[in-house]
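Let me begin by presenting the structure, written as structure tokens, before commenting on it.
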Amino acid sequence: MNMRGYLLRKFIQASITIFIVVFMNFFLFRIMPGDPIRVLIRNPKISADALERVREQFGLNESRLVQFWIYLRDLFSGDLGTSFNYRQPVWDIVMERVPATVLLIGTATVLSIIIGVLLGVIFAWKRGTRVDIVGLSVSLVLYSMPTFWVAIIMVMIFAVYWQIFPLGGMGMPGTFYASAWAELTSQLRYMFLPTITFTLILIGEYVLIMRSSLLEVMREDYMLTARAKGVNNRNLLLKHALPNAMLPVVTLIAINLGFIVGGTIQIETVFSWPGLGRLMYTALTNRDYPVLQGLFLLITIAVIGANFCADILYRYLDPRVKS
Amino acid sequence: MRLLEVENLTTYYKLKEGYVRACENISLHLERGEAIGLVGESASGKTTAALSLIKLLPENAHVMAGSIKIEGRDISGATEEELRHIRWKDIAIIFQGAMNALNPVRRVGAQIVEAVRIHDKLSEKEACKRTAELFDQVEIDPDRVREYPHEFSGGMRQRVMIAMAIACNPKIIIGDEPTTALDVMVQAQVLQLLETLRREREMGMLLITHDLSVVGETCDRVAVMYAGQIVENGPTEKVFSDPAHPYTRALIAAFPNIEGERFLAASIPGNPPNLLAPPGGCRFHERCSEAYGLCSNEVPALTNISPGHSAFCHLLQRRVKV
Amino acid sequence: MNKDFNEANNLLSVRGLEVHFAVRSGFFSSLVSRKISLVRAVDGLDFELKKGEILCLAGESGSGKTTAGKAVLRLLEPTGGEVLFKGEEMNAFSKSRLRHFRQEAQIIFQDPFESLNPRQTVFSTVAEPLEVNRLTRDRREKEERVAKALSDAGLSNPRELFMRYPHELSGGQRQRLAIAGALVLHPDFIVADEPVSMLDLSIRAGILKLMVELRDNKGISYLFITHDLSLAWLISDRIAIMYLGKIVELGSADDVIKSPLHPYTKALVSVIPVPKRVSLAGKTLLKGETPDPVNIPLGCRFHPRCPEAQPRCSEEEPAYREITPKHFGACHFI
Amino acid sequence: MNSALVKKDTFALWKKNLSSFWSIYRQNSMGLIGMVILLIFALMAILGPYLVDITIMTVDGVTQVIHPPTSEYWLGTDDLGKDILAGVIVGSRVSLMVGLAATAISMVIGTVVGIVSGFYGRVVDALLMRFTDVFLVIPWLPLMLVMAALLGPSLGNIIFVIGITSWAGTARIIRSQTLSVKERPYVERARAIGSGDTHIMFYHILPNVFPLIFANTVLVAAVAILSETTLSFLGMGDPTQVTWGMMLHFAFSMGAVSFGAWWWLLPPGICVVLVVLSFTFIGYALDEVLNPKLRRRDQ
Amino acid sequence: MRKVNKLALMLVILLAFSLLIAGCGGEEAQDERNVLRIGYMREIESLNPMVIWSVQAYEVMNLNYNYLMGWDEDLVVTPKLAKSWDVDESGMLWTFYLEEGVTWHDGEPFTAEDVKFTFEYIRDNELGYFYDYVASMEEIEVVDENTVTIKTDEPIAWMPQILVPIFPKHIWSEIDPADAEGEFTNENPVGTGPFQVIEHRKGEFTRMAVNENYFKGRPAIDEVIIIIYANTDMMVEALKQGELDVIGDVPGAQFKALQEVGDPDIVALDADSPSFTELSFNVWEDEASKGNPILLDREVRIAIEYALDRQEMIDVALMGYGEVGSTLVPPLFEFWHLDLGEDFRAYDPQMAVDILEAAGYTLGADGIRVSPEGDPLSFTLLIRNESPDNQKMASMIKDMLAEVGIEITVSVIDEGTLTDRIYDGDFDMFIWGWYVDVDPSSILKVATTDEIMSWSDCFYSNPVYDELHLVQQRTLDRDQRRELILEMQRIFYNDSPYIMLSYDPELMAYRTDKYEGWVRNPRTGPVLFTNIIDTYEELRPIGE
């Protein structure tokens, strides 16, 4: 199949997935117990007129099918609804939080992939040795730890006991910095604990996948061919083993995004990091359904988009997929 | 000076249960331009023997003994780095399943260029030129160097493997079941190509196969392996026409021959022995219809039947004595 | 067409059998791309199988021989043509008739490592056909029949094998087990799909002998599928050579091997391996490989590779006809 | 031999299978460690009520609130003066129960979807897989949080939510295995002897994908327990139940960190890590035992 | 080996880098300004006063805008934007004399027109919570630039206290009333208050800069920042480490820790708050009620009160902070609060048993009492998922009532569901709380018959109580009114539709090493987060 057909197919698949998610997203929120109006209006003393006005404002007076249609129509025009809590468009609220989360996720993901892949390669290369056994065990332990718990322990050690890093947040609001450098180091100090925690959480899986993937690849016949050709160890690894062994890692990175989003909720909650995860958490505690709905949809679309990109990347990396 | 001389090569695999005696006391020699076939059924140790030559064995394999000389130079004690230079430059290998033997994510041309540039100090451009020439020699369109392995058919892939194998003008080529998965027609094509190239370049070839006919078509001499040991070794014609070892005889008899009679030969009873604990004496004695007392007690010694034709069998001793 | 054969004597008559399928593609990609490529795996097959006969379908990979074998057993739905089993039109088989047909006709596969469920014991492998077809409820009878089938397949001490797993058996034993699994239903027709090609030479003969014995003793007919012409010659009564979904030559084993008519057969025969020192020079080597059955050449489908091809070959498809008595071929120039 | 003997032999066979499995499994030290840890926790869960005085779980006055470990309370007390050790032991029951029940739901859905999808292929497959994709790409924690928030905090809901959101991976794996098993000649053989679809799925496909299901179950169990902990921590748990996640939730929201109450934060967390780790270890070991491809080549 | 060494090297570099970052902590410039940093747990949902409801959002509004009046520490009304006021004989015409020379943050002068506009805008559009305060204003007239008269439709007891901030006419008149209660964000609020919001990041922080021209004199503080924390631990730690100056909303456990650690620079303030937590029964005598009818029996409710050791509950669930509750008006409002004295039903389980026995509720075989009709005393207690404290209380209530033979099933649901069930009359009992206005009128109103299906959540109905409520609303004399209000509390307590579990504390903590002048108002109340902003005005850096 040619590239265009492939892209089209993947695109259609992604679109169908998104549609199912939109559908689920709509109806899931309609099965919630309690009248959303009650949540919306904290003041139970409200005139019938005003109640009706709000109902209309949020389109809750229509039948479900009509509501779904309106929902779809609004979605296409980029309208994700109005927050119950902030009384502002969900889109604006969400977009305000995107940079903080992207910064955190981006740094942690890149760090964990680089370190994880590197360690995975080393452990695979040294399989059976003490380095490998210790490394593997540590990776499995990291992989088994609840994210929030690690975060709490990190705070306890580094921010409460030793006090060498700030407790949380993205910086102390209203602080004047002597120089740009001071501002940068201050920013880095605030970023350090959440990023490192997140990296630690993510790293385990990359190590495990990379290690087992590489071990499998090293058993392949073409590795024997390469050795028979007299390729030295470095090139054996870099040119022959890695391009093949990276393939599952690429898939994992995309699939993992969903997991990473779950991680941000926990990390941001513990570290008071003002990103999407914390927004989701507060929206949950506030029962701010439009925000939850919007966030959930946007995050899911982002993950689906990332998977779509991974598919394309995969196709680029693995020529076999083309046929 | 012989191109290749192998003496008493012994390789075991280490398992939790003990050693698998995969290949024991293999002695072979190869002259320039000569082709020798190493024939044996599955798990007879033939591939282990071949891979032992350039130490491309799995980690749990151990070469226990033996010497390997290429043009008189002993390489059995060579370091990994020294071996790296011997590989492909002196001894190249064509593997069995060409699909898996080529790296699926790299272009075939690049894989050949790589081999060339490791051993011959050539520029990228020169190496590419050489690759194109090689493709021409193995009768593939040189434009296809930019394709990936999966875009080739089985026969074509095997040709690519051959092109790669001869890229550095090796002195010896080891063919490990190079035609096994191929159709008869393609097999014949590939064998013919190999034959032509070998003669042109005067390479020595060690052809490993389970298929007697392949040996008949390409090899000057043949060594028959059974249960990790060579049981018979001699010129192809002699071995085929006058097999000395009962195993060789049974094997040849079992081969359907359209030039012979339409008749189903008896199969060899029993199964090959477990190499973790091979039977004492002659390893074939349990399945041998001619075995007698001595066979189960004593390892048969090498008996020369005629110049260059020898076998390990007590019966021969008796025959010679008689 | 074949007046010599009495229909009633034929266990199986195949006329114009066709198996075409669209290139495997997902449901969604079929929505996207309109181009459907058709694989004409079997493209008009005619042959008969007499009772107690061994007929060999021989050919290279891609010739459609395995597909033909499965289509005959209705493991694949044919897209055209008709198959008569014991004179009955199989397309008209009712569900219950088809179920009964499953007992009459069996298949043995190439790879005894793959064709046996690794998690089934010997007993349950052989007993399964009885259970599936509800042939016997009685445990004792079932055991009897299983044991009988195993010993018929040449496995001694069958009861001791009952609780073994396939991986505990040797290659030859496994293939015998597979045969026992077929025999237990007392079939009179077996499709043997490359039954020995995965086995070592030293074991093959035993299996082949068993099959011939079963023919001799129980009157089982075989459709024997193989790529190995020497094997075909050794075991079968008649041989059909297939190329790209069609039979190009059919005749008695000796006729086909010793005096081939079709250029393709000639080439194949010339490369049949023999256990002696031979020169490759004397062989007729065809150029290239069998083309993809998606793009079957026009005219004679063999013409692009045929050493004797004439202009006519690329235009007109040769008829399949009787050339010498009971020896059929499809070529303009024979 | 009579039929009773075959029956007896079947038992012997089971024993043989089990012991051959065990003889391979035993060599895997990781798997052994995992199994030992899990056994300890299972014992703890079963014997919990006999080991500790559960009444300690009821409120115990103000004097010993958030108290570091003492000889009486080995792991100290929480903000209600409850004994943390008792909490950890009692919590093991619910945590394990939730994990296992959710895993059971997940495995049943995953297996059925995987086998049906792989076996029937075509439109059925395409539709089921699209659905599976949705559950595979949807960020699971947000989905679980949203569902838990909508359904309300109860143990049943938590189990349901975890089960319903975690089957997709299993379905994928089972499907691909089914696809490969389906193409094996023995399935074709089964057809040739006249077996129907259901028979083939139950007798040929299921037993051959079972090892994978088994190994996967263990890994899903690990995820399920982690999920329970996380959901509870984020306040979606059933506050009337004692689980490790709820303990951590209360610890965190009641200020254990600023208290420096490590005895309150560490034990439940370590228990979670150990149980999850034991499942992961066992899963890893099973994968190696049941998936011969990973075993080192003999020759 | 080489690879491992490389790895070790990398780790060392990484470690060095992190230490470098860690060490750079002191680089921040010494801030010359006086910044007051406040830590809080709950978000400021909006800057638009028309849609806000939370105490923290009110705090921001109160700093940004002013009311006409304020209160002193005894909750006596004091002047603010209105420097004085008077009322005519009828008690329905009020005249407010405004401060002169007051300007808005944007420099525009503040006049009587703004006051008139604000009240009318809210009255005519029924906006927000403010509507209640202006609903009864019939006519508002501007006498001159600094004088405004308000005519009400009846005498209103709480009148000088109009809890409505004054908005600038020149800005709000441009705003569509529909937007005012909708998506208007009020990003740069212009008011007359001592501070003005300059940066608002939802869920993160709100920065406010001092109003240099504040009419009551420029506060000593240059900037106020309210920082929102996602968890209490972090907030408490930040206070301890000096990053914050004051925190509110501190959970009991942490508060206790702050108290016990005894940092000399930190004051942990256990203040009274105007709120209480109650156990509310379904006493709706209507067929539509889905509650357990046994609870309509006052004896049962009273027995339950005797059976509950509320001190124990407070000790455990609230870490001992809080006070056992009694009447609807918390003691924070000393003047209005009724002290029950001997009449208070203190913990006495034996008394509970006696009452139940006397009323014919005998012990069943399974330890649960049975009503004369044969129904078990088995009730469902609904708890909000949002409140862990309530959950703890619930489990204690369950245990305590089990002692006297009453079975409780605790069911945790979320607020939305609870609200729905209340309005459906589908409950036996639940725990929730109220926040009480400075004037007791509104909390007393909750229990009137008119409020069933509106504010009322126990569906209490007593004509005597209803009548008293109407009378007190019109009684302008403070002492007279007090008598009426005390009587209302007594009646309500006697009928016991609520069991007041606790008067909740407001737990805060502040540092004393940077600023002084923390003002508690009311006298026993907290320093921040009341409607009174004295602290911000009084606070000054130590040594200045």
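Going in written order, the chains are labelled A, B, C, D and E, and every chain counts its residues from 1.
In this section, a residue touches a chain if its C-beta (ideal position, glycine included) is under 8 Å from a C-beta of that chain, and two chains touch if they have at least 3 such contacts.
It should be emphasised that the depicted structure is a prediction, and the values quoted were computed from it without experimental measurement.
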| item | value |
| --- | --- |
| Distance in touch steps, counted as few as possible, from subunit B out to subunit E | 2 |
| Pair of chains joined by more contacts [C-beta pairs], B-C or C-D | B-C |
| Whole-Å separation of chain centres (CA-atom averages), subunit A against subunit C | 55 |
| For subunit B paired with subunit D, centre-to-centre distance based on mean C-alpha positions, whole Å | 50 |
| Distance from subunit D to subunit A - Cα centre to Cα centre, in angstrom | 24 |
| Centre-to-centre distance between subunit E and subunit C (centres being mean Cα positions), rounded to whole Å | 87 |
| Per-residue overlap in subunit A, given as positions that touch at least 2 other chains | 13, 32-33, 155, 160, 269-270, 281, 285, 287 |
| In subunit D, residues with contacts to at least two other chains | 149, 152, 235, 252, 257-258, 297 |
| Footprint of subunit A on subunit E - complex, ascending | 3-4, 7, 18, 21-22, 24-25, 27-29, 31, 33, 35, 37, 43, 45-46, 48, 51, 53, 126, 129, 182-183, 185, 199, 201-205, 207, 223, 225, 227-231, 233-234, 237-238, 241, 243, 386, 413-417, 419-420, 423, 454-455 |
| Partner subunit A, residues of subunit B touching it in the complex | 54, 56, 84-89, 92-93, 95-97, 100-106, 114-115, 118-119, 148, 150-151, 164 |
| Subunit D-facing residues of subunit C, complex | 26-28, 70, 73, 75, 99, 102-103, 105-107, 109-111, 114-121, 123, 128-129, 132-133, 139-140, 143, 159, 162-163, 178, 181, 185 |
| Complex interface listing, subunit B residues touching subunit C | 41-42, 153-156, 183-189, 191-192, 195, 210-214, 216-218, 236-237, 240-241, 250-252, 254-259, 262-268, 271 |
| Interface residues, subunit C side, partner subunit B - complex | 60-61, 170, 172, 200-206, 208-209, 212, 227-231, 233-235, 253-254, 257-258, 267-269, 271-280, 283, 285-286, 289-290 |
